[in-house]
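Consider the two complexes below, in which chain A is the common component and chain B and chain C are the respective partners.
Showing the complex of A and B:
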């Protein structure tokens, strides 16, 4: 792997992006310390308040503090987005490595199975899963994880195809290393940087997709709530009390923008001269998660 | 060309059947007993239950049930809804105009605005206008479509007399209902396609043939649209076609927010009430449409770039 000057990656926009992301993540980890109120505490006397000094983002229809609910909601939103990406990585990367390295019939079989998953437009397969296996955040996460597998797997496959002809793979093979060792210790490390770009983007799409599922009532179930569920609760009050929607909406937009910017910057850093078009797979993935 | 289309079409058929098996299998794995759904959860006599089982073919093996369903689908009969006890086909046909219109209008708005904005950004690269538009695009990309829709409702509520939810009775009302939701749905498409158009156009505008054209004294507009854009269009089509898949799901969300009687709201309703004939019918239909759109795009590629045909 070519040595790169890491210092060049940390330009001003990247530092700002990372700092803001760190802020979001720290706030969600230390939610009980940061949040001014208990997110479940009802206060009917103070319901539907506009932002005040006591409630920085106002209160919702049963008097819960919106800021505190946002901070606690970020835990579920971020953790489940991470879980989706982890599932897709655990299944997708080995599939991609095997299918790119061995080729032939196995590759063909894996590709055809993934074709079936890809035939479903975006979230539709996730809808079907949730419809059949029950509405819960767990089935939403598993469903989305499976929907994300083909993208990661195909990206890994195309990277493996490029790597497998290189001399270092041949020499590793002639030394007598096992295929597993070559795949995971030699080829995979050379693909990791490109895959990371994709994964950063995937976390952003996963946040959007999970929010969409929660919004349709197929994700988190009450009393727990995430940003998508908060939007769903706010839906009825959009005309009278728009703050109920705007607060979680801005939280989603901000977080996803940060992940998108980070991904853009990683990509620019990895490929500063040839950056003309994002690779096809990346665009495909972006498109998959965008509309939600 | 004809052979190419036929070849691509034949490739789609096995995928379609595999998808139908997947859909059928996932729905059958549900722990909910369809008989209870059909009888509305009421206590029923043995006779009534067995009558239902015969009517919906539950007395036959699963493989036979699948074949009966597929036979129906191929002849245009999607079965009978558990909850409404009427033909799913009729329900789908009644709701098709909203969804089809929504996807068509928003794609049209999206493509036109995006290509214009993308070309503008590419020509005015690194100016204030370009930077501003790029920031707007990245925010639009990250904005969930149901949030855009709700904000649109909020904005429209300040305009008196604007009606954009519910059913329609004539063509004028139909267009009125669809205008605002289509706009909301088109935003993410605008953002994505504009970004791709920009990068693709910048690359083409740097190339040698554009320089030659400038040297020959051809007008700027002609160079942009006749020379550069023609070459920049392939990635734009790719992203556009993928985006249509996202539009299909996006329309489900938009219909939900605007309370439009389309396929999406029927699908969500079907999921909520465990009305599986509706769920499997609509899912299969949407997958079929998506596969056909992909086929159309492949044909479009081949028409634009003949090399693809011989791959």
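Showing the complex of A and C:
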């Protein structure tokens, strides 16, 4: 009998998470079709409205529809936050692996350079970068990506240090695997679950940091909408019209939580010991007459 | 190097740099492992057994380890290499292919995230040029050989789905997958219960005989030595104090330490008696040792023992490092 791998990935929470995430992503792709208004159309007559039937989430200080701005804003927000994280991963993980595994001078060098990056306030470093490469969303993304490298690579390094001492790594060395193979096929997968959790949290901070840059005129240029920028613009009205902050704030939280849930579930699936089994009834059937 | 030897360790010293100073973990070990023999390496914890064995594969952290001496390895193609002088790049060609090692705790010696079939296949992919189906077939053969059945089904399981004994069988299958000439078993049965231990020993002996490889068996259990080894060396404080065939080691141990060890094996049918121990503890390896390392615990020690380190002497394959070789023999024979 051919035995199939019985672990399953698509459990109810995963399906709900994926559905919601798909909703967010589809809304951003088909923004022009979904959004009720033009996100940049001003309507001073209807400014600072509370949610009504016409404006489901109300309007902002110049009468733009908040829901439409959220939907259009998700495009730039999600793409740029993901890009920041991807850049930091591509640079940070290999650096962390190498410095944790080999140690010594190379480790010192990498860590000291990262200390320098960490010593500067993240935004200051991003300013520097934007100042030298021009004001655009791309340079803001690259700058933040680099600023995020030390966090990822330090985490990877400490995990690598932990895994390096484990017997399975020694036994992999004793059977003649190359360092590269040990690093990427044996150590990295065992660190991945912790790293992904950090990454999903980084998506949230990337959204906020990009907003700060935009607020200072170095990221997204107005009137383009972006969740972080909306949050920054709205905070002046937080006492009188809290909806201006609540709407983009909730959007950010929801997205980060969704990514987080997804990563938790991926992590659980990757670890064969934590993997969800099929329902007990089905397991019983698979076991045949063995289980009473 | 002798003609029939596979590995020859000559005057090996291993010094470990630690925060407390330099630990002389191995102090001048000479060891010959012959083709097709099972060689036991016995001694109490911390006497340098594992250190010696790991040196053969150069598994130590080289930034904190100083080696001196020589380790010669005869490769399958007949050429001889000096392991300690090999460039790092060439180490993988020895590890797994010429010498393989299995460890004490099989449950954590396997990567928890890969199925055991994957792990064995990975080993074969690294060291051989077989095609995919050939690798798969070989993997199933290996699993069958070590008694993991049904191989096909179990190869798709993860390490946590196996018991300790089964996991050790998998480690053995992996170690043997590239037909090494020497298998180092580092306390390979210590973590297992007695019945499983017997099965694994049986399996190793059986495979060793079938494949014709040599084995270096590290253990602190004299019972294991008696059961499957051909020859054995006794280590104390980083030095080999006695080497001989197992038969002779038990019948006529020469070194007082060997005798004390054999004496301290609990025997059945003597209930109510206190277990025999060796008074004192092994010396710290942080300080240089003058004279015989065992002298402070040895009831026969003389002034000469405390001053001069005894050389290995003896003939006919039975060597011993003791000024008083043979003294106190009656002790053992009387029990």
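The rule is simple: the second predicted complex is superposed on the first by the 168 of 292 C-alpha atoms of A that agree within 3 Å, B and C clash if a C-alpha of one lies under 4 Å from a C-alpha of the other, contacts with A are read in each partner's own complex, and residues count from 1 in each chain.
The definition used in the following text is that a residue touches a chain if its C-beta (ideal position, glycine included) is under 8 Å from a C-beta of that chain, and two chains touch if they have at least 3 such contacts.
Bear in mind that the values here come from a model prediction, so they are computed numbers and not experimental data.
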item	value
Chain B versus chain C as contact partner of A:116, first or second or both or neither	first
Partner chain in contact with A:270 - chain B first, chain C second, else both or neither	second
First (chain B), second (chain C), both or neither touched by A:180	neither
Chain A residues touched by each partner, larger count belonging to chain B or chain C	B
Partner chain(s) touched by A:235 [first = chain B, second = chain C, both, neither]	first
First (chain B), second (chain C), both or neither touched by A:253	first
Partner chain in contact with A:190 - chain B first, chain C second, else both or neither	second
Chain C - residues contacting chain A, complex	57, 59, 63, 91-97, 100-103, 105, 108-114, 122-123, 126-127, 153, 156, 158, 160, 171, 174-175
Interfacial residue positions of chain A with respect to chain B in the complex	112, 115-116, 119-124, 127-134, 204, 208, 211-212, 215-218, 228, 231, 234-235, 238-239, 242, 245-246, 249, 252-253, 256-257, 260-261, 276-278, 280, 283-284, 286-292
Chain B to chain A touching residues, read off their complex	15-16, 18-19, 22-23, 26-27, 29-31, 138-139, 141-147, 150-151, 153-154, 157, 185, 188-189, 191-192, 196, 199-200, 202-203, 235, 238-239, 242-250, 252-253, 256-257, 267-268, 270-272, 274, 279, 283, 286-287, 290-291
Partner chain C, residues of chain A touching it in the complex	1, 3, 5, 103-104, 166-168, 170-178, 181, 185-186, 189-190, 270-273
